[in-house]
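Each structure below appears as structure tokens.
Both complexes shown next keep subunit A, but they swap its partner, so subunit B is in the first and subunit C is in the second.
Now for the complex of A and B:
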């Protein structure tokens, strides 16, 4: 009975792995192939969700939640806002040149083949799941505020710096409207004359 | 019993590493192929996610836990990678907005002012 249970568990894990991995891989492939930037963003969303599912399978529940909240909920929304702000029509397309496509295909195929071959020839020790900790979340919190306290604090300072820096960088555009109102040449026009 | 045992496919470290390699290559090709700066940013996010998959998989399948404590280094690295990715996306988008305001396009091919 125990053997059958463990077999069904392993099968369920395999099915879930292939479902999440397939979702992540297929949408990553679509992300490369898609020419439409909005569709690309949606593909990225599905890739991130597939990776979050894999984190659940790897018993990294906290990371899965962080992935969904920070990546899918925060970073991706930021990216979509960027898409909407930076294109007159959000469906504008930039086609790559055929030469670039050829180079990218060669680099991608060779790199993927090399990585898979290296993985299959490298003798990883017989891997067994590491399930020793009973409460990984507790241990994770203790490690973040214990052994990793200094990186943790540096990360918070970094986030503050990034917030101020991004706000400063993004607000620099109001000068142009003032220039136009006063009849001067806007900064962007002079920049293009120099180039 | 034997028939059942044959159908079992155990998901090991290799499966996750191959998926990580695939995501990495997809991200790299996105960076190479997209001319939209935000598309390139998405490629970078994909590469970071591939690295995160590898980190968490190695963390799960490792023996690093000592004295009965769980091994968590990989997960903590992944947390920091996510934090840095969010910060990077914010700054990159601010730069792209400035770029768009100066050039009225987001095509990276046009950013050639510093070309000699």
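Now for the complex of A and C:
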């Protein structure tokens, strides 16, 4: 038991940090290099999980759970769903032209250099975990619906606009005239029958 | 800005299992120990528990199905067929592991683990007892469970996609449709209960409901009561249980997303499904049905007094009764969760399967508006009707002393007692009907075969 106790807590945290960070970094690299769309989505899932693990290490449990619910449970499923609906061949692949590869390389290198420079020049203060009392969630909720109420509401209005737009586009009005010409039930009518 | 009182007492003396072990074994607290503790727990408790739950539920489901269809169900392996799942498991391990040549091999192999691992991770946050929650400080316990359940869907969708089979892809697409839409009423109905409780921590939820059946969250206000049913329906859909089992509807899609899977990989999907059923039952128990507490509040009462004694004198003699109490509490929790699992099975073998558009209609046009209205009304209720402050049994709050409660908040007392009576009446009617039909032999009159045709009926068969 002394052997276990002698390993310092800082070391243990470092090990966990490198495990999660490594998972995020490696799967992010695979994400960029993979050509299969669904595989990139899976790599993204592991990247997100690694980042969620880092959030857990920082005691930001809420952020970690939100990350998993919104990105892993929502966005990723929608990506794969979109691929399933639209792809013509079973395993569609990205096939970039040489010119595209060159442009991507240049843009990627510039972005990477800028990020490295920015991270090096920014002095990160050693922050203490800000755990006000036992319920950091309470503070978060009060901040969202108190101090930051207007940005919060604007974000939700934006989402509503997007949803209405998507519903409008999905109604398939374009085909209606064609349907009528061919003597079929228009798409809007069938939608109404279903609903 | 007005600040609302959150119904949580600041300090609840409650020792976690980890703390108890550390105190008794003399270990230094810290991440290293937490890591060792976590790994040990996974290997020693989670894996056997998940497997046992899944194996038992599979056997039970087949028994329930047999009873409802006037059959016997598994009855050859072991007493009343209890070891049938073990035999099936052995068979599945010995089967050849086939991967279709045109499948995406990497994703095909990955998918079963992606479906199974989250169901496993969820057990981290389930509160089996006041000290038997493996991560009691997880402030976002409920949210963590939701996150894991939504990651599980990825496994199913990938399985369907990677199989490169039309039936599988149809199954996967239905799963995606269903999950994305039913997640919303699921989350909102949880929110109604969370609003009444004021915490996302599963252990605190348990402490809040420790004062007897009338303090259970489902009876907190009428909207939580209704949101329990919304949650139940949505949870059926998110677990792809019948009537929402369209992702694997065997009558049209062969076996849906797992058509191509065989052997052990196939059994992973099965395990994940049954573990998820138990988990969903566990959430309903912890959130609505009082968690580990008995209907009389005895567990809460004794837990509080034992914790106070232990805090004063942390010796082995005081730790053992606390652990025993926790074992009883875990028994109650598992019984309640299994009760919910039973209702899920009951519905599966009773209700026919709707079409996918009907499933989505039920979500978007019925459940979603309903849960929104419940959320709104629940919020208004929180503002109007003051809650009784404090936790049961802490700081002299005796939940069975109705006179004192009426003095502090008459409206909340009346609501909770009336709702409790409504709930108990409903439950009593169902149980009474089942007992009546069992006593009058309704179940046996309709049986097509003799109870045990092979063992006892052979001589008669020969004579005939």
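In this section, the second predicted complex is superposed on the first by the 143 of 195 C-alpha atoms of A that agree within 3 Å, B and C clash if a C-alpha of one lies under 4 Å from a C-alpha of the other, contacts with A are read in each partner's own complex, and residues count from 1 in each chain.
One rule holds for everything that comes next: a contact is a pair of C-beta atoms (placed from the backbone, for glycine too) under 8 Å apart; a residue touches a chain by one contact, two chains touch by 3 or more.
Nothing here was measured: the structure is a model prediction, and the numbers come from that model.
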Of subunit B and subunit C, the chain that contacts the larger number of subunit A residues: B
Subunit B versus subunit C as contact partner of A:13, first or second or both or neither: both
Which of subunit B and subunit C A:39 touches, first, second, both or neither: second
Partner chain in contact with A:74 - subunit B first, subunit C second, else both or neither: both
First (subunit B), second (subunit C), both or neither touched by A:62: both
Subunit B versus subunit C as contact partner of A:137, first or second or both or neither: second
First (subunit B), second (subunit C), both or neither touched by A:31: first
Interface residues of subunit A shared between complexes with subunit B and subunit C: 4, 7, 11, 13, 62, 66, 74, 78, 81, 85, 136, 194-195
Complex interface listing, subunit B residues touching subunit A: 1, 4-5, 7-19, 21-30, 32-39, 41-43, 45-46, 49, 52-53, 56-57, 59-65, 68-72, 75-76, 78-80, 82-87, 89-91, 93-98, 100-104, 106-107, 112-113
Of all residues in subunit C, those that touch subunit A in their complex: 1, 6, 8, 10, 25-28, 30-33, 35-36, 102, 104, 106-107, 110, 114, 138-140, 143-144, 146-151, 153-154, 157-158, 161-162, 164, 169, 172-173, 176-177, 179-180, 183, 199-200, 357, 361, 365
Interfacial residue positions of subunit A with respect to subunit B in the complex: 3-4, 7, 10-11, 13-14, 17, 21, 24-25, 28-29, 31-32, 37, 40-41, 44, 47-48, 51, 54-55, 57-60, 62-63, 66-67, 70-71, 74-75, 78-79, 81-83, 85-87, 94-96, 100-101, 103-105, 107-108, 111-112, 115-116, 119-120, 124-125, 127-133, 136, 139-140, 143-144, 148, 151, 155, 158-159, 162-163, 165-167, 169-170, 172-173, 176, 187-188, 191-192, 194-195
Residues on subunit A engaged by subunit C in the complex (per definition of touch): 1, 4-5, 7, 9, 11-13, 16, 36, 38-39, 42, 45, 61-62, 64-66, 68-69, 72-74, 76-78, 80-81, 84-85, 90-91, 134-138, 146, 194-195
